[in-house]
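Structures incoming, each one as structure tokens.
The two complexes that follow have chain A in common; it is paired with chain B in the first and with chain C in the second.
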Partner chain A sequence: MSVIKEFTKGIVKENPVFVMALGLCPVLAVSSSVENAIGMGAAATFVLVFSNIFISLIKGFIPSKIRIPSYIVVIASFVTIVDMVMEAYVPALHKNLGLFIPLIVVNCIILGRAEAFAGKNNLIRSIFDGIGMGLGFTLALIVIASIREVLGAGQFLGFNVLPVTFKPMLVAILAPGAFLVMGLLMGLMNLKKK
Partner chain B sequence: MELLAKIFAMAIAAIFVQNFVLMRFLGLCPYIGVSKKIDSALGMGMAVIFVMTMASTFTWLIQTYLLVPLKIEFLQTIAFILTIASLVQLVEMIIQKTAPALYKALGVFLPLITTNCAVLGVAILNINEEYTFIFAILNGLFAGLGFTLVLILMAGIRERLERAELPRTMRGMPIAMIVAGCMALAFLGFSGLKF
Partner chain C sequence: MSDVYAVSAAPHIKQNISISSVMWQVVLALTPALLVGIFFFGIQSFLLTLYGVVAAVATEALIQKLRKVPVTISDGSAVVTGILVAFNINSAAPWWLPVIGSVFAIAIGKQIFGGLGFNIFNPALLGRAFLVASWPTLMTAGWKSTSPMALFKSSINGLVNLPSNVPAVVTSATPLGVVKALRDTTQVSADMAETVMNNLASMDTLQNLFWGNIGGVIGEVSAAALLLGAAYLAWKHIIEWRIPISYIATVLVLTYIFGGINGLFSASIMLPFFHIFSGGLILGAFFMATDMVTSPVTKKGRIIFGMGCGILTVVIRLVGGYPEGVSYSILLMNITVPLIDRYTIPRIFGEVRK
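Right, the complex of A and B next:
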């Protein structure tokens, strides 16, 4: 039963983006369209799951003094793999996400889970924790991206969803829109908590 | 003169038009996390300017004289993050020995900078944009200045927000985000600037 709990906690109760406010840079930067959001979410989830697996397997061999640099090297290796695979198979998406793929290395969610969870728990629990947190991150990205894409371009995943008479609010897909939508969503989450 | 004009254009672009925090979304964690007081914002800003300039210098040298000749560019991400981490550690030790007063002021912020994505971001951008050595260093310096500028502005606003009457749900993070959004709107006004 506890495995299921490790899986679901990342999606709502300990959602990395809305509740813990981790990894904000990629969330705000790539959420201007739902397609980019899904791509980024998938890339980060892959890195999160595999670095969790690897770190939970080698946690016994790493002296605790150099554990953070070791975690960073493990994460950077998986990021490099994702970077190369995406460049080869989805070059358009890779170009859109650009700088933010190598920057997954410094995403606090991944190092945070390595330090707070995978370094202390066994393999199975770490895998489910990774998948749950990754899904939570992806879902948060999709929620923000849907709002921004619908308001800012009148589209969802590239399809027109609003009547032609609707005038897109361009500001929603520009930089300020990301901050405003994020602020309002965080406020909504606070409202729900009370 | 032409060189000076180029440097000036780069400064305007890095500080205002393509501000790292508000337009490129890099370094948001310290921007939200360390912007509650002007003093600490200033300390963090100085530390970031320093590390970004150093990181631009060293990562450029490593890319040009190590990774490219050996044809191991795919190791870029790992090499850069390790460079930055060791650089931060080194800077911390040097400052601790030579300038204890400065160390006391910056101390807490230095280790945080390793995971500041603006530092890794500027290092990778320098390579992607194919800047020359001097321009890479300057880009690091200007990006750091832009980061410090908005960090201090934000801290000034948040010191006042502390005393403002806000709905309870919007206190803390949410209102910080809204303020950042308004600042980004203001900075959008620079986007027409071209030299």
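Right, the complex of A and C next:
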């Protein structure tokens, strides 16, 4: 399998959200606005890429019995970096995402890629896998968040995009809206695959 | 499909009953309530109902075309859903509200599960829940009433030494909204609120509630018209008494015990009847909780279902955040239907009791 393929598979064919249904907790929770979605996607992608790099580098030294705790330690270190950097430079976004930044530690996508990919593949392929998966996660978040923000608030990235006569469909930015939009998009993806 | 599943022992009595005959009779039974809605709220309520029905039927046809299954809009089930969605809407609502509600009810509430017979929830109530979550102000404010203050006058008349702020407390225009405001208020003493509430549940008010001379959504206001339709359906054996009766009886008993503001049994004897005839209870109990697809098939199960709806309705009305809880209680009980059916399977004739 070529390196390019490792990169592109995460975007559509093995999209972590729509196909593998991983990491749904942050997807549902922070996709109420595009800004949050981009922030969450970027943070998760950073952690994913660097944890993939380090895990593929040290995989030879980790006894297989304690590999999961070791992966978690690596992931948690990068999450702590992201958490502190975001708090320092984008405090507003950090406040919006709140608890969901530390929770990246237990995001199934990251641990899943560490266990299923980086722990078994070389450095270059793990980097491309991490970028591809991170991009797929971010794109999925942005798509869901765009629909929810436009319908639920009449805005896109905070700018009004619909006429003032539009009455926002509040449910779209509430929790049920997250499930509805994600479910419908998953259904469409499955329909297309058939 | 019924041919395939008719596996009981002979002899069989074949009845001339079909989905479409049932559904069109339900439409007929809902007509009196619609006429009362038009009488009290004007032609606008007829137009809103029409939009709801057209949207429901069009959505059903479109999705069935896309799914490449037979288009069954002539069976009337989409018409019933459209009417019921519109019945849950304020007559002052914009035209697109019933349209979106019906589209959601049919597309997400029904067709996505596989069409009629496969839906878990009552589609019309799902449409209503979607609308309330999306546009709460359009769905729950700005009530139109033919005699907006009549209710409050009758409740306030004859009270001596009434603080001047009491009328301000009771200015919301649905009867249950008034009760909610009285229960939640801190501006008047509990005794005063209790007195106002008991005066509210007077014979005068009950008459207005019965005939429909109150604020509310298009289809819920007149208990008389709804009961007329329900009686027709019961006579035709389309709805069965267990769900509505157990539902209403539960509300009656629980509001008598817990309805008062000053503790147990403190409410006047009229208050339970006030609770029965106000809000969407009659509409919900006879036309929505009895939906054949989303209610239990066993007799015991239907009574459990009705009682569950009643308990949830009273809990929402008395301690919940909304003045009215019929739609949510039926939706919540819809979820439990498979479980209820599983635990109430009747003993086979001749089977030994364990």
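By our rule, the second predicted complex is superposed on the first by the 193 of 194 C-alpha atoms of A that agree within 3 Å, B and C clash if a C-alpha of one lies under 4 Å from a C-alpha of the other, contacts with A are read in each partner's own complex, and residues count from 1 in each chain.
Note that in this section a residue touches a chain if its C-beta (ideal position, glycine included) is under 8 Å from a C-beta of that chain, and two chains touch if they have at least 3 such contacts.
Just so it is clear, the structure is predicted and the values come from calculations on it, not from any experiment.
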| item | value |
| --- | --- |
| Touching partner for A:58 - first (chain B), second (chain C), both, neither | neither |
| Contacts of A:29 with chain B and chain C, given as first, second, both or neither | first |
| Chain A residues touched by each partner, larger count belonging to chain B or chain C | B |
| Partner chain(s) touched by A:174 [first = chain B, second = chain C, both, neither] | both |
| First (chain B), second (chain C), both or neither touched by A:106 | first |
| Interface residues of chain A shared between complexes with chain B and chain C | 171, 174, 176, 180, 187 |
| Sites on chain A touched by chain C in the complex | 167, 169-172, 174, 176, 180, 187 |
| Residue ranges of chain A touching chain B (in the complex, touch as defined) | 21, 24-26, 28-29, 69, 72-73, 76-77, 79-80, 83-84, 99, 102-103, 105-108, 111, 171, 174-180, 182-184, 186-188, 190-191, 194 |
| Of all residues in chain C, those that touch chain A in their complex | 108, 112, 130, 133-136, 138 |
| Touch list for chain B against partner chain A, complex | 22-29, 32, 74-78, 81-82, 85, 114-117, 120-121, 124-125, 128, 168-170, 173-178, 180-182, 184-185, 187-188 |
